[in-house]
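Multiple structures are listed underneath, in structure tokens.
Shared between the two complexes below is chain A, which pairs with chain B and chain C, respectively.
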Partner chain A sequence: MLRKGLRISAIVLVLLWTCFPIYWMVLMSFKTPTDVTHYPPKFIFKPTLSNWENVLLGRKWTGTHYETVQMEVLRYFKNSLIIAIGATALALILGMPAAYSLARYKFFRKEDFAFTLLSFKFAPALLVVFGLYAIYQSLKLYDTYIGLILIHQLILLPFVVWMMRSYFAAVPIEVEQAARVDGFSWWGVFSRVTLPLVKPAIAATSVVAFIYSWNEFLFGYVLAGDASRPVTPSLLGFISYERVLWGQMAAAATLAMVPSVLLSLFIQRYVVAGLSFGAVRG
Partner chain B sequence: MADLEIREVRKKYDEVTVIEGLNLRVEDGELVVILGRPGAGKTTTLKVVAGIEPVTEGQVFIGREDVTLVPPEERDVAMVFETYALYPHLTIFDNITFSFRAPARSERVGEEEIKKRTREITDMLEISHLLDRKPRELSGGQRQRVSLARALVRKPRLVLMDEPIAHLDARLRHGLRPDLRNLLKERGLTALYATTDYLEAFGMADRVVILSEGEVLQIGTREEIFGRPASHKVGELIGIPAMNVIQNAKPVVREGQMYLNANGFQLKIREEQRRIIEKKALSDVKIGIYPSEIDIIGTGDKRKATVTGELYVYEPLGAKGSLSVKIGNEILKVQTAPRMRKGTIGEKIRLHIDPKTIHVFDSQNGTNILES
Partner chain C sequence: MRETEANRSSRACGTAAESVEIPVGEGLKGWSKRVKRKIITPKSIPYLLYLPCFIVTVGILYPFFRSVYFSFTDYNLTYRTASFIGLENYVEMLISSDFWNSVRVTLTYAFSATTIELALGFAMALLLLKPIGGRTIYRAIILLPFMIPPVIEAIMMRLMLAPVIGVVNYLGSFVGMPRLGWFGEANTAMFSVVLIDVHNFTPFAAIILLAGLQSLPSRPFEAARVDGASSWFIFRKLTLPLLKPVIYVVILFRLIESLIMFDMIYAGTKGGPAKATMSLHVNAYYHAMRWTMMGEAFVQLVILWAVVFVCSFIIVRAWRRALGKRLI
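Our next item is the complex of A and B:
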């Protein structure tokens, strides 16, 4: 009983710790500028929708009428979608064959290869970003979707390879062998047996990869101009010399968070363990 | 339906040799069983024939055609895996009929025929009621039968079976053995079957291959193998209790007869065995005696005891019993009637061994001295 009580209070504590900033952000998106900067912080206040109207509809209530302002946040949102989907798809297309070979075949210095791939993640991105900036400028990749997709898939690739590798390895090799004996070519086995078996794993991997890409800040900040800027660096646009539009920034950030939250809820449904339960003995 | 020939096949994984120079012919329609302990190389042999594992050296022929380099999907063989290897995402019906969906399969079968054949084979294996389920909803024994059905629903050139009934309950295992053999024979299928169970091997096979550590010790019918085991290792693999093997027996000649002396034993041997021992000048041999060839001399029995020992332990084994008799430092297992009267430990037991039933093995390489 005591153990259970302690466990629950620990969980509640962690939940409070992680959820409070999100709660605060959502709260802030409904506050007027005076309420935002009020000290001590206000938990009870008169909510306003003006931040959301501004972010979503590009209209600003001036007191007597709506003033149309630039509706940029949704465009950045779309940019982020294009980049994250593109980068995830590319990383999966490139990463799955690599993951499969790492899981199934023996080849020269296989573990070195796998480790090198992972080691790309060790270096801080700041180390390469300015070199990349120069390269992107001369290759005309600066401020293009392709450019950002390429750099994002590079970040996602090691992750996709390592995650998918363990899922492929979890498919019993004898199931694939049985399908070969049953008359299917390598490709037939891969598409009709292996792929359906790792489908939940692909879903989980792509969701996590998508969230990685969606939340990426630095490359989107440095390598994109206005045309292809993703939503994360675009939030900085609410900070200017004269003022910080805290309320609108909170509304935009809340909006930017929605896809990640929805996708996280979605992958919970895939209990990835026990992926191929029932295939073999034991 | 075709014959199979394995010619000088060697298989190495990295530096470990799993199969060493394997030669085997399976005639068209023949059922050959590979008998060996776990790790003997049975599964590897079957996988090499199926084309799943490439050979390191040697050739495999199916129907006189060299298939050594032919991929598994083009060999037209069926295989039952010891681990079942079912497709977890498919229903049992789809599992069993999966091979009919393969583009490479030459056998063109209509949907009606597929259903009929599936019905036949699943009825025999008592799994017809499970066709709509997924493998994960089945018990181990049911899964094994599904994997058996998946192989037998086809009409392949060759059927490979890796311990296909090892994980079934005893009733089903016993019941299925004759059914399985009949089915293979009725269809005229050529089959290579691996098992660790000598009863299963000798009960089903036309011929048995004894495999030990990647090497073939002996190939033959039940009579050939029991009648003249090629090595003491063969004797140790067949029969429960297994053959008694007595080490370090020394030949001595007394009154014109040759005897083998081993701690506490003195056994007379046959003339033909004596001739070879003398020809090869063997000074140290192993003696092999089947437990079923040793008689206990009861009261009123006029036979002279070959050896005398004391009762050590008695185990009932269902249709028979096994009596361990201690003679010197040696334990001799004796097969008895199913329900022997209870004896007391240390009780004196007199045994009769017919010299005709004694096998003599060369201590150097373990082979039967009557071989070659």
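Our next item is the complex of A and C:
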């Protein structure tokens, strides 16, 4: 009985620890600027929708009329969607054949290739960003969707390859050989036998890749101007020299979390498998 | 129809069996088929599959090596000149106390964050292993902080941990916690940044370890329990060794990502106060953006990259060894 009580209180503690900052952020999005910085902090207050109005409609209720404001969170949100989906798709298209090749064949210095690829993911972002900035300027890729998709897919690629590699390796080679004997071509085996078998893995990989791309900050901050800025770096726009628009930033940040949260709720099993890098099959 | 299609493409792939059937000299179509057969052979397939990915990654090598080259020059953004000065930047860095401070900060940050996340993640995973109610719901809730972009987490935490108006100091005062300066004081700043890293990324560790624990075979555990082994003994001799591959994945990702962490430290403390959280990555940013000394910035980034490379090499090797024959 005591043990069970201890366990339950420990679980409650853990849930409090994980949820409280998020709860506070959502709460903040309904606060007026004076309530946000009020001391002692207010848990019960008169909620206001003006932050959300500002973020979603791009205008502010001043008491007598709507005043249009500059922050266009929804547009940045759309930018993020385009970039994250594009980068995920491209990384899958490029990464899956490579992963299959690493999983199924022996070739020259295979392990070195695989590790070098992984080490790109671990290079400090600034090391590439500075060089990339000049290149993007001269290639007219600066502040374009294509430019951002290209660099995002590059940081997702190692992850996709290593993930998919372990899943392809888990498909018994006998299955493929049997299909081969039945007269399927190489491509036929790959597309009609192997791919359907790793469908859950593809879902897992793309969900995690999407979240990584969505949360990425530095590349979106440096390599994008206003036209293609993703939502995560755009949130810094609520901070200026005079003040920080805490309430609106909280509303925008809550909004920015929605896609990842939805994805992880609906296909949570896949997220778990995806995060573990293929070491665990959810 | 489907069969013939399959047949045709298998011929293109050049399996030995039906090579006889192809008529020679059938015009353009036959020619393209022959070229295809020359290129796509069983031997070349692995390379061809890897090629697109390889080409794209080689593209990134150009800015990468350009940066490495600049670390050997006195490249300055203000004057736009870069002349080769050999190892001068490196020597200058190695004798500067700022650099060593950054190295110390980076290592402290990375190792303490990884250790805490691993330990806490393990505790959380063990806690959620025995189902109470719906485990799926706990899993979903626990995973939530991972969905917050690190930058946003750091900025929001700056308000929550504000020394005077912050909600954490306010709630802490009820349980007798002293009023802390958090990000604002040199001796608590590091602790605070590690704390938000832990909050953001412990879910990652916990969820993976939980999944790993769930996938363990039950047979050896039953046998050990029948033999009367203590639960500490079971944990040390059975759970830990069996979980090794999963633990390595957690260490790999957390250690590397916190070694190169930029978003959180920059948004949380900007490296201050008094350089208490000035990690290599943030320090390089300042050298480049504020003081336009690109050479010095690149030296620090190259050294950081070398550290990361060595660490990841060691961990990946250990991981592959732990996996043994389970992979490939």
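As a working rule, the second predicted complex is superposed on the first by the 252 of 282 C-alpha atoms of A that agree within 3 Å, B and C clash if a C-alpha of one lies under 4 Å from a C-alpha of the other, contacts with A are read in each partner's own complex, and residues count from 1 in each chain.
Here, a contact is a pair of C-beta atoms (placed from the backbone, for glycine too) under 8 Å apart; a residue touches a chain by one contact, two chains touch by 3 or more.
The structure presented is a predicted model; accordingly, all values stated were derived computationally and were not measured.
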- Message: Tell me which partner touches more residues of chain A in the superposed arrangement, chain B or chain C.
- Response: C
- Message: According to the stated criteria, A:Y100 is in contact with first (chain B), second (chain C), both, or neither; which is it?
- Response: second
- Message: So in the superposed three-chain picture, is A:A178 touching just chain B, just chain C, both, or none of them (first/second/both/neither)?
- Response: first
- Message: Which partner chains sit in contact with A:G188 here, chain B, chain C, both or neither? Use first/second/both/neither.
- Response: both
- Query: Which of the two partners, first being chain B and second being chain C, lies in contact with A:L197: first, second, both, or neither?
  - Reply: first
- Query: For chain A, which residues lie in the overlap of the chain B contacts and the chain C contacts?
  - Reply: 183-185, 188, 276-282
- Within their complex, chain A touches chain B through residues 172, 174-175, 177-185, 188, 192-193, 196-197, 276-282
- Sort out for me which residues of chain B touch chain A in the complex. 47, 50-52, 71-73, 75-79, 81-89, 98-99, 101-105, 134-138, 140, 143-144, 147, 150, 167
- Item | In the complex, chain C residues that touch chain A | 3, 6-10, 12-13, 15, 45-47, 49-50, 52-54, 56-57, 59-60, 62-64, 66-67, 124, 127-128, 130, 132, 136, 138-153, 155-157, 159-160, 164-167, 170, 199, 202-204, 207-208, 210-212, 214-215, 245-246, 249, 253, 256, 260, 262-263, 267, 280-281, 284-285, 288, 294, 297-298, 301-302, 304-305, 308-309, 312-313, 316, 323, 327-328
- Residues of chain A touching chain C in their complex? 7-8, 10-11, 14-15, 17-19, 21-22, 24-25, 28, 36-41, 94-95, 97-98, 100-107, 113, 115-120, 122-128, 130-132, 135, 153-154, 157, 161, 165-166, 169, 183-188, 211, 214-215, 217-218, 232-233, 235-236, 239, 244, 246, 249-250, 253, 256-257, 260-261, 264-265, 268, 271-273, 275-282
